[in-house]
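Quick one: this structure, given as structure tokens, is what I'll be asking you about.
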Amino acid sequence: MNHILPLIITFLAGLLMIVSEFIPHKPFERIVSELEIWFMIISGFAIILGQLSLIKMNVLKIQYKSENWKYCVVTLISFFIMLIAGLLWGTQNQGGIIGSGESLIQSIGSKPFDYIFDNIYQHLMASMFSLLAFFIASAAYRAFIARTLESSLLLISAIFVMLGNTSIGTSLTSFLPENLNFLHLPTISAFIMDYPNLAGQRAIMIGAGLGIIGSSLRIILGIERSWLGGKK
Amino acid sequence: MKITTIDRRWIFLFILIGVGLPLMLPLGFKLEVTPNVQTVYNLIESTPENKVVLLSFDYDPASKPELHPMAFGIIKHAIDRKQKVACLALWPMGSQMVDDVYQNLKKEMPDIEYGRNFINLGYKAGGIVTIQAMGKNLKNVFPSDANGTPITNYSILNSIHTLKDFAWICSFSAGTPGLKEWIMVAKDKYNIPVTGGTTAVSTPGFLPYLNDQNQLTGLLGGLKNAAEYEFLIQRKGTATAGMDAQSVAHIIIIAFIVLGNVAFFVSKKRKKD
Amino acid sequence: MIQFWTMLGLWLGALSTLAIWSFLYKDNPFYKIAEQIFVGVSAAYWLIYTIYNILIPNLFSKILTDPLANWIYFIPGILGIMMLLRIIPKFEKLSFYPLSLLIGTTAGISLLRFLKSDVLSQTTATMLNPFSSGNLAVIIGQFIIIIGTITGLVYFYFSKKHKGFIGYNARLGIIFLMISFGASFGYTVMARISLLIGRLQFLLGDCLNLIK
Amino acid sequence: MKKRLFCITIALGILSMLMSAHLFKVTDYPNDDGSAIKLQWDKSILESGHIELYKSTDNKHFIQIPLSSDMTEYVDKDSTFSGNMVFYRLDLKNHAGELVNFYKSSAIPKAQWFNTDKLPLLIILILFSSAIAYYVLSAKQGKELYIRKINGLDAMDEAVGRATEMGKPVLFVPGIMDLDDMQTIAGLTILGKLAEKTADYHCKLIVPVSKSMVLSAAREIVKTAYMQAGHPDEYQPDNIFYLTDDQFGYVAGVDGIIMREKPAANFLLGCFYAESLIIAETGFASGAIQTAGTAQPSQLPFFVASCDYTLIGEELFAASAYLSKDPQQLGSLKGQDFGKLVIILMIITGVILEIFGIHFLKDFFNIS
């Protein structure tokens, strides 16, 4: 029963958002933009919740000396170094508790927070991202096998588009005369991208859009309440 | 069949080498030069000596891999043709991009001299409004260069009063403000030839400007076009290397797909037998 | 001094890259360390980011400078604290109130946004005259768009068995979906290889000076 | 004579006012909250010189509005408008900067209660919502509803069973977005059903999350599921934990978990971006059965390529109805299908009309 009030709040908030779309009159637009700021503030508080969970989990692992517990020490140390650096001297645009660390900038080149960001964090991000170059190759090798009609189509359209986008594709078909231009790999690749690909994407977008509309309505009407944990 | 379960780490190794090697030793795959790139090349090639040209750096480090090689190639070409290059930035980080290109150019081109045939005017906020103001009076907008030295100290801009005095304008553009604003003011209003370099993502949006009215005089779109330009000026730079690496990586991936399929059909046949 | 720190920065960057890549071979202590540093540093980064860029400008500075004019911000402030009270099991249920506000708002906003930009605008974009161009390829292409979109939608039809006429259309729909997946896969390869090129340019160029 | 001249002057004045009303139009900006006025002037004005625009709230003190020289339209947005008359003057100057002519006009900014531009949106919204509501109600009254097979979901039991046999955990990844993305909520709904199964099988369920609010919601959902399955004591909140908000930091962590815990079944359901393939390929290498689902068209190819089962787009949102077989949920799914039917009919009608050069339907639903 203690779910009644949250469900009413959900209903009213959802309804307000929908109604305000159609009413240009004051104060509806203002309410919507205000609620967006509220959203940010609440999730801003929530982020602390996540950090506490992170610290707790790592401390527990260290305490019980569970497997790989030594690495949890690394997590905690790097977390607190970054946190303290940010709190004490601030970030690129903001000063911290004890100022902006001008003398540190003189010797390191930037604030400690930014130094870690530029020299460690950014590289970790870029390297993790670049793993995709390897994985996209291994996934292609495994998935693009002409087992069925579907997987053959997947394979063929992928290869045409891949070839059409680099210089090899251009040179492979460059011997073809001008009036057979439609057989040039870049032309075929562009055709696949512009038509069948677009059609597939559209069907997914419209379908998923309807799915989102349906789920949103279920949530607003209180039919879908799993996020509250309970069913009824 | 063993080959269907090939350790995927072999694929990783091939990709790593296939991308790494061409970066160090560019192969220079033959590229078909597309008409838009040729137009840009012709524009610079046909501009008389001692004319001053304007380059606008409208991007930040995120688009560096694509736009940097273009900026480098075009400036080098212009200076080789004995034109004088003035650079400015409509994006805050653009000025650093200019410096970076200049430092690298200096290593290759000893006859480049700051203030005589190259100048960095630095960053100005305001986008289209700034461009319009330059159309009226350039020296009001840029009284000094990026380092704060008055531009009258240098000889390069002696003959320049407004935008109209530049032989052509080129914008390396990753968004707004950028090439579009230059077309709207410099080309549409003052009828100065405008060309540009854009990221692959934003290229389709500029194709309509390549029309009968020559709103754009050629366009470099993405790494592939940058490599074609390097091919035209006969310099194997980072775009060529990058494009080579792309091609090799694509060949490797396709080769593995073919291998996988062959193995699949062979094993299917054996099962049948 | 500054040179030392720049040099150290390059080394740190190179080591981070190699440690992450070592995962491609197998899980190992270097990856584990890099992973944990990544998790720790990024968690702290987002915390600091949230404090400086969201909580201070949107809440604290408003409440502290002029609490009376900005009284309304006490509401999200209190809701935020209710969210935090999840830590104490006794007050756990209090977090339902901010959560229900957020979910209701999300549902309302998504409903309209997707109706407008995904459903309606994609539908009108498909209402095209296939014969509008004289080019045969374009005419075929436009027919493909119309048929592909419709049959793709039939594939997502849930309340009818996929057999007979519907089954036939749904099968055609899945064919279009597969071509589309293959095409976007192939199209993405180039972008992903570029990421590796960027990394190698850092390692081979900036660190080792092997790239001219 | 003087009288005649006077008459002519008056007539000319009226004429010029009429002309100016034609050449320089000032009207209330429609469908807004009363904070904008729309100004339009004829292109012919620009031919004889350049223009300067001034505005005033008292018709005495005019202030200039900066314009660029080629504009023929301007929307004056001013939040200080209070429903009083606003006056505008358009000065035409020659190249020497001398005033050649001027035009004056005024308007009262008004706020509207309904945005008529959005009428088609409202029509479709009411149509779809009432269809969904109708089917939900008829389902409530006991009408049997059919739902077609969704592959990945049937395999859920099998995957959890296999994990239990092998004594390995099940991993659930809800994507990297917060609760403000409906895909995350759809993923969490499936998590509830999954948790009931792992509770039944006494199988360990690991849920690393990337957003704190998702952490709260996921814990609540799993806790309830374990209670409903009759094993509240087996619920372990610490198995649902936060890693980091960062996209790739999160992936690094998830990859680590996959390689160390070696879960036998991975469920990747929610909103995914570039990380989709990194997680799916690592999961494949670890030998897990993988079920993925997202509505991100750009990431679906990678899930299709490296996972065993993929929920494509709308299937992700249909999953909770499919798994629960709850009549109300099934009813809303039926309503969505009605929406699809309407759209297919709209497309077919639209295409036919377009072929005959009738653009009415397309234009009507084209909302900018």
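Labels for the chains are A, B, C and D, by order of writing; each one numbers its residues from 1.
Here, a residue touches a chain if its C-beta (ideal position, glycine included) is under 8 Å from a C-beta of that chain, and two chains touch if they have at least 3 such contacts.
All values reported here derive from a predicted model rather than from experimental measurement.
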Let me check something: if the centre of a chain is the mean of its CA atoms, which chain is farthest from subunit C?
B
Dominant interface by contact count, named by its two chains:
A-C
Note: subunit C sits from subunit A at a C-alpha centroid distance in Å of 2
Using Cα averages as centroids, what's the distance between subunit A and subunit B in whole Å?
29
Centre to centre, by mean C-alpha position, how many angstrom separate subunit C and subunit D?
14
So which stretches of subunit A touch two or more other chains?
18, 21, 39, 42-43, 46-51, 54, 68, 124, 128-129, 131-134, 136, 138, 140, 142, 144, 154-155, 159, 162, 165-166, 201, 204-208, 210, 212-213, 215-217, 219, 227-228
What are the residue numbers in subunit C that touch two or more other chains?
20, 23-24, 32, 34-35, 38-39, 41-43, 45-46, 83, 86, 99, 102-103, 105-107, 109-112, 114-115, 119, 123, 126, 146, 149, 153, 156, 177-178, 180-182, 184-185, 188-190, 193, 196, 198
Give me the residue numbers in subunit B that touch at least two other chains, ranges are fine.
8, 12, 15-16, 19, 246, 249-250, 253
Can you name the residues of subunit A that touch subunit C in the complex?
2-3, 5-7, 9-18, 21, 34-35, 37-52, 54, 68, 71-72, 74-83, 86-87, 90-91, 93-94, 106-109, 113, 115-124, 126-134, 136, 140, 144, 149-151, 153-162, 165-166, 182, 189, 191-210, 212-213, 215-217, 219-220, 227-228
The subunit D residues in contact with subunit A across the complex are 31-34, 111-115, 118, 121-122, 125, 128-129, 132-133, 136, 178-180, 182-183, 185-186, 188-189, 192, 209, 211-213, 215-217, 220-221, 223-224, 228, 238, 241-249, 251-252, 260, 274, 277-278, 280-281, 284, 295, 297, 300-302, 304-306, 312-314, 316-318, 320, 328-329, 332-333, 335-336, 339-340, 343
Can you list the residues on subunit A that touch subunit B in the complex?
133-134, 136-138, 140-142, 144-147, 155, 159, 162-163, 165-168, 170-171, 174
If we count contacts the way the header does, which residues on subunit C are in touch with subunit A in the complex?
1-2, 5-6, 8-10, 12-14, 16-17, 20-21, 23-24, 32-52, 54-55, 58-59, 72-73, 75-77, 79-81, 83-84, 86-87, 93, 96-112, 114-115, 118-119, 122-123, 125-126, 137, 140-142, 144-149, 151-153, 155-156, 173-190, 192-193, 195-196, 198-199, 202
Residue positions on subunit B within touch of subunit A in the complex are 6, 8, 11-12, 14-16, 19, 29-32, 224, 227, 243, 246-247, 249-254, 256-257, 259-261, 264
